[in-house]
Amino acid sequence: MIKKHDDLIVETLARLLTPFIQAFALYVLFLGHYSPGGGFQGGVLVAASFILLIIAFDLEKTTERFSEKFNVICNGGGVFIYAGIGVLCILLGGNLLDYSVLSKILPVGPEEARALGILGVEIGVEITVAACLVSIFIDLASKGENLGGS
Amino acid sequence: MSANYPAFIIMVPFISALLIFVIGWWNKRLSCGLVVAVLATVFLLSIGVMKDVMANGTIRYWLGGWEPPWGIEYVVDYLNAFMLVIISFVSLVVTIYSKKSIEKEIPDKIVPFYSLYLLLITGLMGIVITGDLFNVFVFLEIAAISCYALIGVGRKGASYSAFKYVVMGTVGASFYLLGVGYIYLVTGSLNMLDVAEILPSLYGSKIVLTAGVFMLVGIALKMAVYPLHAWAPGAYSDAPSAVSALIAPLMTKVAAYLMIRIFFTVFKPYFFVDVIPLASILTWIAAVSVIAGSIYAIAQSDLKKMLSYSVVAQIGYIALGIGLANEAGLTGAVLHILNEAFTKACVFMVAGAIIYKTGSCNILGFKDLYRKMPFTMSAFLIGAFSMVGIPPTCGFFSKLYLIIGSIDAKQWVFVAVLLTSSILNVIYFFRVIKIAAFEDVIPDYSRTTPYVAYRLDEAPLSMLIPILIMATGILVCGVFSPEIINTVIQHIIPASF
Amino acid sequence: MRKFLGFLVTMATAALLIYSTPEMPNWGDPNSPASTHVSPRYIEKADTETHTPNIVTAVLADYRSYDTMGEAMVVFVAAIGCIMLLRRRQHK
Amino acid sequence: MDFIIAKYNYWIYIILMMIGLYGMIAKNNLAKKVVGMTLFQTAIILFFISTSVKSGGATVPIVMGDPHLHGHVIPGTVHAIQYLNPLPHVLMLTAIVVMVATFGIAVALLMRIYKRYGTLEGDEIVEIRKQEAAL
Amino acid sequence: MIWQLDLILLLLVLITGIAALSVKDLLSSAIILGAYSFLMCLLWTEMGAVDVAFTEATVGAGVSTVFFVAAIYHTTRRTKD
């Protein structure tokens, strides 16, 4: 699974598909307000694109693009965005995760502020889900041998 | 700002669990210090919440600013605040203890270990503080999943024990979720207080009955009551010693808290007593659990395994107190949660310290341990006293209330069970103490060299001090237990008794 | 033995579930309590209060956003747990 | 007969859940236990989704916006009867995430168990553990 | 809501569920589990839970099947039951 098999068709297809999957993931994220989808589904799609790369090429080549340290930063970073927005709401005088008080720093009314807050936390969820699922897959596929941990 | 204390109790350990990776890349050694600082903050915050509850009554904190049946809320009354203080105190003390033990047992995984450790505590805090039925499930799974991973890195073969826990814990959580689903089906609400208002008019319904049974069975699985205890001994004894010192006192007690919540807040107690006789079934199961756990404990030769079965026995006391559903019984159960949390933390830390020094915890190899590690073994003695129920310790008072509760309910069998289990506790604890204190190495008269003098070979201070704090805590809780009952536990008892 | 135990537990659970199913609201009943107590407010006011036409997203990330934070936490816990369980020290 | 037809989703979910529960308890192979766990959790999700269904023209819970208002609606024009109940969907999104997290940890533990014991059969592992304890 | 489609899907879900548990090869079991998840996703789409179905399609039929296959690749396909 992590060994390199030179197969031109698979590699070319994976190369071709990856940007489309990632673009679709972003579409799912940003249109989550109007259509089915949202942070979690988009995140899984991003993770799926990286998993496709790992299966089609090999682990080293993919982790050149998506290094292990960056992966761990994204693992925590996404959740940190979510929690940070929540705590920001406390600092602005609301309760935890009360996005309507974000209108104090954004040039919109409280309802739009809620929509923007939803978008913010969805971005956080997307980052964390993508990074975490890729991280779990790398651990499973390499038996934890190729990469060292923290 | 003090209105936001309940939110910070969750957010502070959670955000620190993320930041610990940044600190860990810089310097691994700092991660333990950070965790201690965080948990000290959490402890102070929960003291603040406790004071707030004492001054102003129940706190209701609306998350996201949405009013309760639509949004999620934190409900903090006396019971929640009490549990928060216990969890934060025990976890703070165990963290100080964990530094040396973890550096010896899993030296290459310190940073992820402490991250998971904080997330486990976040999960436990989240279960306790929330007032929403589904939210309980989410945090139950956070605590459980971090627990699986923490157990899985333990002694040889820990992964199999952890896997057993995964299977049974998932069944428990799923049964709980199914119960929530059935309640949602008939009430349309997920907020505990809102559900409690709607439910009494539906007590005749079979769906509510099914929901109650599923929720209680699911929680009993998490609580490790006797026939459902199969995961507990392996998981507690195979985990790294710092982890077993954390999960053995806290995980099952939080499940016991949840059972009290379901029993007395979501459902009214008369539902389980009069409408369906689940309370009396629970008491009988609890009685079997007490006796069976103690007998299994006697049969063990490994100290940690013996203590794990003792957890099963002691959880039976709490279930018994809940099932009796009267004032003295519930007082005994809540006091026993406090007592058990302190005692089990103390004795598991002692077991960890023995493993740290001698490398094994087979009871037969404990000869002369009393001379080598006098302070540690004295703490163990206090823990054993509390477990047996000898007066100055806290265990005496909780057992006393449980016995009074059984007498109030006119259940003489349970009085006999409680007294018998004390004797069984004496057997298995004093066997350890006998070997450690009184069993000498047989004098060898044909020796030519003089005996080597016993040297004090005590555990390092950072392990010894937490053990002694816990032992002192047991004694202090025993001495001040009337005050604890008067100021806190008295208010937990629902007015319907 | 194990199969028998599994069969017994399964049958007991199934008996309880089957016992309660006849009382359930009919499938797709719009007047069941689940559809009339809490959820109408979400449907009727979500767009006005949060400017998000997808009600599921609005409820997920705003009304019950604390749950979703727990969800993100669960994924994070799983990732750290796998690192903890499987990764070994780096040899480079 | 009537109540069988009116509630057929609930009956199917019970059967599915029992298959999963039986697999979790009775199967000997640990990986099969994980499969049973997935079936069990999926059945519960099916139950929740079944509670959200409303017959009589209710549709997907995304409000049909007015193009002149950037896809939003005039307040007060939406009625609960028009759309499915969104709350179980939300809960089950969270439950699916919990499911995959549990699945990931369980699979990681399977790999550790295989590394240690060289097998995934429950009885063989118990046998090896007994021999180790006897030593 | 088309009840014929609903019934067919429910039956297929049951068949794949039983097959995933009883097949005597773990790799086949993993793949059938993926098919089961996908059928479940179709069932939920048909019930109107589009978000949940989307999640199940990406997670259940996609990522968790890949996880399972990855684990089986490194362990064993053998199973006695």
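A few comments on the model shown:
Order of writing sets the labels: A, B, C, D and E. Residues in every chain begin at 1.
Keep this in mind: a residue touches a chain if its C-beta (ideal position, glycine included) is under 8 Å from a C-beta of that chain, and two chains touch if they have at least 3 such contacts.
Just so it is clear, the structure is predicted and the values come from calculations on it, not from any experiment.
Where touching is counted per the definition, the chains common to chain C and chain E are A, D.
Ranking every chain by how far its Cα centroid lies from the centroid of chain E, the top place goes to B.
Taking the mean of C-alpha positions as each chain's centre, the chain lying farthest from the centre of chain C is B. For the pair chain C and chain D, the distance between C-alpha centroids works out to 8 Å.
Chain B and chain D, compared by their mean Cα positions, are separated by 29 Å.
Chain A and chain D have centres, each the mean of its CA atoms, that are 23 Å apart. Counting partner chains per residue, chain A has residues 34-36, 38, 40, 76, 79, 83, 86, 96-97, 99, 133, 136, 139-140, 143, 149-150 touching two or more of them.
Among the residues of chain E, those touching two or more other chains are numbered 1, 50-51, 55, 59, 63, 67, 70-71, 74. The residues of chain C that reach two or more other chains are 17, 22, 24, 28, 32, 34-36, 38-39, 42, 48, 51, 53-54, 56-57, 60, 62, 64-68, 70-71, 73-83, 85-89, listed in rising order. Remark: chain B residues 14, 18, 63-64, 66, 69-72, 108-109, 112-113, 115-116, 119, 122, 126, 134-135, 138-139, 141-142, 145-146, 148-150, 152-153, 159, 182, 184-190, 198, 205-207, 209-210, 213-214 touch chain C in the complex.
Residues 4, 7, 11, 14-15, 18-19, 21, 24-25, 61-65, 109, 111-112 of chain B are the ones that touch chain A when the two sit in their complex. Contact residues on chain D toward chain A in their complex (touch as defined above): 60, 62, 65, 71, 93, 97, 104, 107-108, 111, 115.
Those residues of chain A that touch chain E in the shared complex are 1, 28, 36-38, 40-41, 44-45, 47-48, 51, 55, 133, 136-137, 140-141, 143. Interface residues of chain C, counted against chain D in their complex, comprise 2-3, 5-7, 9-10, 13-14, 17-18, 21-22, 24, 26-30, 32, 34-36, 38-40, 42-48, 51, 53-56, 59-60, 64, 67-68, 70-71, 74-75, 77-79, 81-82, 85-86.
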